[in-house]
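Note that the chains are named A, B, C and D in the order they appear, and that numbering of residues resets to 1 at the start of each chain.
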Amino acid sequence: MGKGRFEAFSDGVIAIIITIMVLELQVPHGDQLSSLKPLVPKFLSYILSFIYLGIYWNNHHHMLHAVKEVDGKSLWANLLLLFWLSLVPFVTAWMGENHFTQWPVVAYGVVLLMSAISYTFLSRTLIHNHGKNEKLAKAFGKDEKGKLSMLLYVMGIIAAFFSQALSLTYYAIVAVIWFIPDRRIEKVIEKEL
Amino acid sequence: MGKGRFEAFSDGVIAIIITIMVLELQVPHGDQLSSLKPLVPKFLSYILSFIYLGIYWNNHHHMLHAVKEVDGKSLWANLLLLFWLSLVPFVTAWMGENHFTQWPVVAYGVVLLMSAISYTFLSRTLIHNHGKNEKLAKAFGKDEKGKLSMLLYVMGIIAAFFSQALSLTYYAIVAVIWFIPDRRIEKVIEKEL
Amino acid sequence: MGKGRFEAFSDGVIAIIITIMVLELQVPHGDQLSSLKPLVPKFLSYILSFIYLGIYWNNHHHMLHAVKEVDGKSLWANLLLLFWLSLVPFVTAWMGENHFTQWPVVAYGVVLLMSAISYTFLSRTLIHNHGKNEKLAKAFGKDEKGKLSMLLYVMGIIAAFFSQALSLTYYAIVAVIWFIPDRRIEKVIEKEL
Amino acid sequence: MGKGRFEAFSDGVIAIIITIMVLELQVPHGDQLSSLKPLVPKFLSYILSFIYLGIYWNNHHHMLHAVKEVDGKSLWANLLLLFWLSLVPFVTAWMGENHFTQWPVVAYGVVLLMSAISYTFLSRTLIHNHGKNEKLAKAFGKDEKGKLSMLLYVMGIIAAFFSQALSLTYYAIVAVIWFIPDRRIEKVIEKEL
């Protein structure tokens, strides 16, 4: 089965998720610069989530580039990923509205962790379809970056019960390690071309 | 007429429907774990509807894969399906907010039943265009799964007047029978290739 | 310039417009069948607008099918059409909430009229690019259906000051005459193929 | 890497941004013509922002047309542009709700300025990938229009502290100079074909 609609549907859902988050930035009643002050934590949450969704879109884009075809199981693995990503606007707003207190920070971490697990599951499903010796499998290798991300999310969730600042630091490190472009897949593609 | 825009438009509408449902999960005021408790029924409704829309997208994807061209009548049959699917967020929210009481559960079932009828109508229209002996007609065969779904929805709607739990069980069975991948079309395609 | 992104962007905007209208159907507080009663006029407005947007999408689809390329002027003519269509959810909700009283019915008619004028302007721009003797020009011919629609909208707007029922009848006639598939373009395409 | 999904994702996000702005036009309670009066400033803001987003979409469309491939850095430059554009609905609503007072007008200008800077950054990144002698680089030349826009935004932001009317005039001039179709890229493309 072709991957065209698979990509188009994923693009659509991620584009909508990334955009409706801004609806949570409710317009303040006053017209002073100070009227924007209560929005600062919401705005910071928005930036963080925008970066995460951008990373997921970029990685999804790269991964599917190396994929030739998708089957029914991959469709569901992809929907599982989109389901967890669809909860990002909810936890982003909850965390922003409550100024990064314990439970919202935990919930944010859980949604990110579940998204990361779903992404790994999707990549495993796609690798399985393409065979162990294929381009895609080589590109992922041991997936150290993915494993490190999940570890950092777990650490962040645990840290939230003691220090939310530490927790957010862990989450931010994940963003940083992915922001540095993922050369893995690109390299393997280049080599083989 | 080509099927490219037909697919793209359907993908867009389904992607939006699946995503705006999350807007109904209003951010709670408190920041405790218990603040999330009132959201549990809404969240369960959301998961159920997400699965249904995922199933529709998957089936739509498979069906259109076997289709060569679409005509004006198919466009309208597709819009009828999208119309009923567009009501899913509304009945999902109504059912979730009222903790699965009688009328919201009935309304949910009616929208699902109408969506199923519209989907069958769309598939009949497409089969009609492609001729009885075509791949698509073979793939659908007697459409036992589709007929069983409609029967289960009707039973679910009737059951809602006595026991909403029974009603939801019927609805959930439909999700389960479709979640098990639809090998019908895939098989026929594989055979012919 | 290719028409791919032109179509994709239009599809995206129309898909979003058609879908966000459902957000105006606010979930009622009660869980009785009677709780849905106040939503009936909103729901009827929703159906009417869904049909109009479906018609626009279908016609847009047909028209672009006969088009080879688009230029900068067509892009703006298309944006003008999308602008007026983007106001449909607003007037639909206003009309539904006020149970089809005078000014909301007038506003609804004005938005539909402006959309029709923009569509005609877009078709003229595209025909101009393709030359008088081209397929597209033949397909449109004297555009009697388009002219009749605009006349009916004007009559509907005027009628709204005396009888809103009459007004809605005029608007509904437009939907009916377009719902009957537009064979004009299809015929010409078929002939030439 | 192909540019297909890059374009599709950008189209999706811009289509959603341009459309959700209309959600800020809340349906008035009354049903008189005068009930629409308080919406006039919001409506004017909506029109202005619709035009800006239309311009960005058109320019993005043109620019990508001259591009052969995109790399990881371009993906992020594009996301930065989409981030700033995603804030347009927020500042549009804030400005409209407060009838064009000082700080909302400043905020509107800042978001437009940051969008313009991001767009320039994106174009530089794409030109860098394609080499100095390429079509795209020639098409942009010294980018006088882009530089003038940024200067006008800065002037508009400063003016907002003295006269918001002057400020809006500066912003409107930017829209006008871009509305006049950008022949730069089209010309170079035509020459080379």
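Here, contacts are C-beta pairs under 8 Å (C-beta built on N, C-alpha and C of every residue); 3 or more make two chains touch, one makes a residue touch a chain.
If you're wondering where the values come from, they're calculated on a predicted model, not measured in any experiment.
Asker: Averaging each chain's C-alpha atoms to get its centre, pick out the one most distant from subunit A.
Answerer: Centre of mass proxy via C-alpha means gives C as farthest from subunit A.
Asker: Check the residue numbers that subunit B and subunit C use where they touch, and answer same if over half are used by both copies, otherwise different.
Answerer: Both copies touch with mostly different residues.
Asker: Averaging over Cα atoms per chain, report the distance between subunit B and subunit C in Å.
Answerer: 27
Asker: Averaging only over C-alpha atoms, locate the centres of subunit B and subunit D and give their separation in whole Å.
Answerer: Spacing between the chain centres: roughly 38 Å.
Asker: What are the residues of subunit D that contact at least two other chains?
Answerer: In subunit D, the residues touching two or more other chains are 8, 12, 16, 20, 23.
Asker: Under the stated contact criterion, what part of subunit C meets subunit D in this complex?
Answerer: Residues of subunit C touching subunit D: 1-2, 5-6, 8-9, 12-13, 16-17, 20, 23-24, 72-73, 75-76, 79, 82-83, 86-87, 89-90, 93-94, 97-98, 101-104, 107.
Asker: Note which residues of subunit A are touching subunit D in the complex, please.
Answerer: Answer in residue numbers: 7-8, 11-12, 14-16, 18-20, 22-23, 25, 27-28, 31-33, 35-36, 47, 50, 54, 57-58, 61-62, 64-65, 179, 181-182, 186.
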